[in-house]
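By written order: A, B, C and D. Residues from 1 in each chain.
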Amino acid sequence: MIDRLRTEVFQANVDLVRYSLVTLTWGNVSGIDRSSRCVVIKPSGVEYESMTANDMVVVDMDGNVIDGQLRPSSDTPTHLQLYQAFPSIGGIVHTHSIYATMFAQACREIPCLGTTHADHFNGPVPVTRFLTAREVEGDYERETGKVIVERFSDLDEEVIPGVLVAGHAPVAWGKNASDAVKNSLILERIAQIAIGSLQLNPEVPELPAHILRKHFQRKHGPKAYYGQKGQKD
Amino acid sequence: MIDRLRTEVFQANVDLVRYSLVTLTWGNVSGIDRSSRCVVIKPSGVEYESMTANDMVVVDMDGNVIDGQLRPSSDTPTHLQLYQAFPSIGGIVHTHSIYATMFAQACREIPCLGTTHADHFNGPVPVTRFLTAREVEGDYERETGKVIVERFSDLDEEVIPGVLVAGHAPVAWGKNASDAVKNSLILERIAQIAIGSLQLNPEVPELPAHILRKHFQRKHGPKAYYGQKGQKD
Amino acid sequence: MIDRLRTEVFQANVDLVRYSLVTLTWGNVSGIDRSSRCVVIKPSGVEYESMTANDMVVVDMDGNVIDGQLRPSSDTPTHLQLYQAFPSIGGIVHTHSIYATMFAQACREIPCLGTTHADHFNGPVPVTRFLTAREVEGDYERETGKVIVERFSDLDEEVIPGVLVAGHAPVAWGKNASDAVKNSLILERIAQIAIGSLQLNPEVPELPAHILRKHFQRKHGPKAYYGQKGQKD
Amino acid sequence: MIDRLRTEVFQANVDLVRYSLVTLTWGNVSGIDRSSRCVVIKPSGVEYESMTANDMVVVDMDGNVIDGQLRPSSDTPTHLQLYQAFPSIGGIVHTHSIYATMFAQACREIPCLGTTHADHFNGPVPVTRFLTAREVEGDYERETGKVIVERFSDLDEEVIPGVLVAGHAPVAWGKNASDAVKNSLILERIAQIAIGSLQLNPEVPELPAHILRKHFQRKHGPKAYYGQKGQKD
C-alpha cells in the first residue's frame, strides 16, 4: 500500500514539472493512506531532475519520519494540518505557480468569471488572512495550515479544492495526489484567464449563479454526466 | 468515408494539443459527413495522451451513437445544433484557450484591430448573450448551440468562423475539422494580440474598413491570390 | 550564388519557426543577390513543416518568377520596393509576431526604453501611416512598401532595421536573410519588454541619449568592440 | 582548479539557455577563483549553441587575458568591479531576461510582495541610478560596476543577491556560478509575479516584515531548516 502511494506521490511530483507549475524546487505533493494514517511527501529542497520514488519520505500524523533517508518537505506540518481538518481529501499540492501566486500576493480572491472556473471550483478561490507575528514565530508551517482551515470555516473543501495563502502562494487538494495536481493546474489556468478578463473589463460581473451551479454539477454533482461511466472527473 | 473522417477528427484533436490550445481534456473537435449525416466527435473526458482514432465516436444528427465504445463529448448537442443551422461548415472546435476565453469571460467581442484578424475574420468576433436559467436547466448544451445561432442571425458564419460564448469560451468552425482547428488557433492569436493593443491604447480605433475588406478578400474572396493555385487558405 | 542564397533564405525561414516568430504560414523571409538583381523568397501559403529549400522562389526586380515551381509570397512587391529604396540591405523579414504586432495595431511606435533596444535600434521603432483606400485598391503590397519608404524619408534604415506597419505587423531587415531574422527577433523582444515597462510606469522616460548612443556604437559604430574580431554583430 | 571553474562557468552559461533567460547572445556568466584571483567568463558575442567549455576566457583582476583564444565578454569590467567590491561572491550573471528588464527599464525596484521573493531576497530588489554622460564616455562597463556598488553602499550583497541597472537589465550573483544562475532565474520569476500582483492591486502592500524575515531565515539564516542537512539553498 505504502509502496503504491510512494509511486503515486513521486509521479504527481514529476507532473508538477510536466505542467510547468514549479521553478527549481518550489513545490511539493503529498498523499495520505487513511487506513494506516501515513503520509508520503516530497523531500525538502531536492531537485526534480534527480529525484526518484525512493526519495519520497513517509511520515506519521505527528510528522515523525517512518520511512525514508531524507528530510521531508519543510511544509509537511501544513499538509498534516489539512489532512486532519479535511477528512475527505487524499492528496495535497503546494506550488508557487505564476498566476495563482499573483493573486495570492495581491490578496485578491479569484472571482468565478466563467465555466472553466465553475467546472472545478464551486465559487471564488478564497484568500487567507496574513499570519500574525506570533503565528510566524511559533510553529510557522503548522500555523499556515491552521489559517487555511480557519478560512474554510464556512466553506466546503470538497467543492472548493484550493486556496491562496495571502502573500504566499496557492495550495490545492483532491481525492488523491494526482487529482490534487490537476486541481493545482486548473487553479493556475483560471488565475491566468481571470487576470486577463479583469484587465479587459475591471467591472466584469461574476458568472450568473445558475450557470456556475450547472457547470459544477455537470462534472461533480450526483447526476454528473461529463466523462465516461464510472469516471469521476 | 467514416473511417477517413474518424482519422481526420482524431488528428485534429491531436493538433489542439500541438498548438497548446487545450489544458487537460478541455476541448473537442468534430467533423461531419454531410452525405450520410454522421458526425464524428471526441469522446467525453478522455485524455489526449492515451486517445486513439478508434476512440472517436460516431453519432447521428439526433445524437444517437452509431459507432464507438465511448460516450461522445458532453458538448455534442452544441455541435449538432451548429451543423444543422450552418449548412456550409464541415468541422467544429470548442476549446478553453487562454486569451479567447479572457474575452469570453469579459463579455467583450474581439474588435478587428489589424490585418492578422482581417485575414481570417471579416469583422469583430462576436459574443453571445448569457443563457437564461430556463435554458441552463433545460437541454443545456443544445441551448448553447441555439444561442450561438441566434447571435449569427445577422452575421455570416462563412466569413466569421467563430464566436465567444459569454462567460464560457470560444467555438470555431471551418470547412472541415482541420480547418476548424486552424480557425481556433487564429482566434486565440488575435485575442492575444488584441488584449495587448488595447492595453497600449485603450482608444485604439478599429482597422479602417477598406483595409479589412482588402485583407479578407485577398485570402478568401472570389479573386483570392494568397497561397498556391487551387489552395483555399 | 543563387543556390547558396536559396539555402540561406530557406534556413532563415526555418529559423522564424525556431524563434517562435510565426503562427501557421504568417511570415516570410527573402534575400537578394545585388549583382544579378535576383531575389529569393518564400512561396505563398506553404507550411513551414513541409517546406524544402527547393520550394524557394527566385524573382527578378519586377517580380517575374525566374526559377521555382511555386507562386512567390503575396508580399513579394513589398520586399522588392524595400530592396530598391534601401540599397544597403540584403535580407527582409515580415512576420505577425505577437508583441510587435500589438504595437503595430495600437499605432504606437516602440520607444527606446533601454539598452536592449539601443544595442540594435538607434532610436524608436517607427510606425507607418495607414494606407489610403486608393492605395489599398491599387497595387496593395507594392504600396505597403512605398509607405514604409515614405516613413523612412528622414530616418536611416541602416541604424533602424525595422518598422511597424500601422494596423498590420512588423517588417525587419538586415545585411542578409539571417541578419534580418535576428532583427525580427530583437524587435519582438524589445516590444515585449517595452509593453511591460509601460505598464509598470506609463510615464517612463526614454533612455538618456548618451546611453542610447553609447550602446548602439558599442555594437555597430566604427569603433565597435562587442563580439569577436571581424565579427559584425 | 581553473579547469574545474571553466567547466562550471560553461555549464552555468548553458543553464541560462535551459532556463530561457537569454535571447541570442544577450547574457554572460562568470566565476572567480579567489585564491589565484582568476576569473573565468563567457567570450563576447559567441552563440550558445556552438560554444564549448574551451571557449571560456580566463582573465586576471585587471582584465588581462590569461588563457583562451577569444575576447572575453565586453561586460568583463563590470564583473571585475563587483568581485572586488563584494568579497563573498563567487559567481556573477548578467542577462536581459524579459520581466526583470521590464522593471529595470521602468526604473522601479521590485517590491517584496510575497514569500517567493522573501525566500531569496531579503528586501526589495534595488535599481541603480542612470550613468552620467561622463561615466558612459569613460570606462563604461567598469563604471556600470561602480554604480552597482554605489547602490549597495547601505545594502548587504549577501542577502540581496541581485540588482537592476536603470534603463538596462538585471545583474545577479551568488556563492558560485551555478548559484548566481539560480538567483538570476529567481529574480526573473519574482519580477514576473510582481508585475501581475501590481496589475491586480496597484496599492498592494509589501509583505509584512515578520513574514519576510521568517522566510529569508528559513532558507538562509543560521538556523535554516529548508533542504537536506549540509545543503545550503
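Methods note: a contact is a pair of C-beta atoms (placed from the backbone, for glycine too) under 8 Å apart; a residue touches a chain by one contact, two chains touch by 3 or more.
Just so it is clear, the model here is predicted, and its values are computed rather than measured.
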Minimal step count in the chain contact network, subunit B to subunit D: 2
Other chains in touch with both subunit A and subunit D: none
Interface residue identity across copies subunit C, subunit D - same or different by half: different
Interchain centroid distance [CA atoms averaged], subunit A/subunit B, Å: 32
Centroid distance [mean C-alpha coordinates] between subunit C and subunit A, Å: 46
Of all residues in subunit A, the ones touching two or more other chains: 198-199
Footprint of subunit D on subunit C - complex, ascending: 113-116, 182, 185-186, 189, 192-194, 196-201, 204, 207-208, 210-211, 214, 218, 225-229, 231, 233
Contacting residues of subunit D [partner subunit C, same complex]: 23-24, 26, 43-46, 70-71, 74, 96, 98-99, 101-108, 130-133, 136-137, 140, 167-169, 195, 198-199
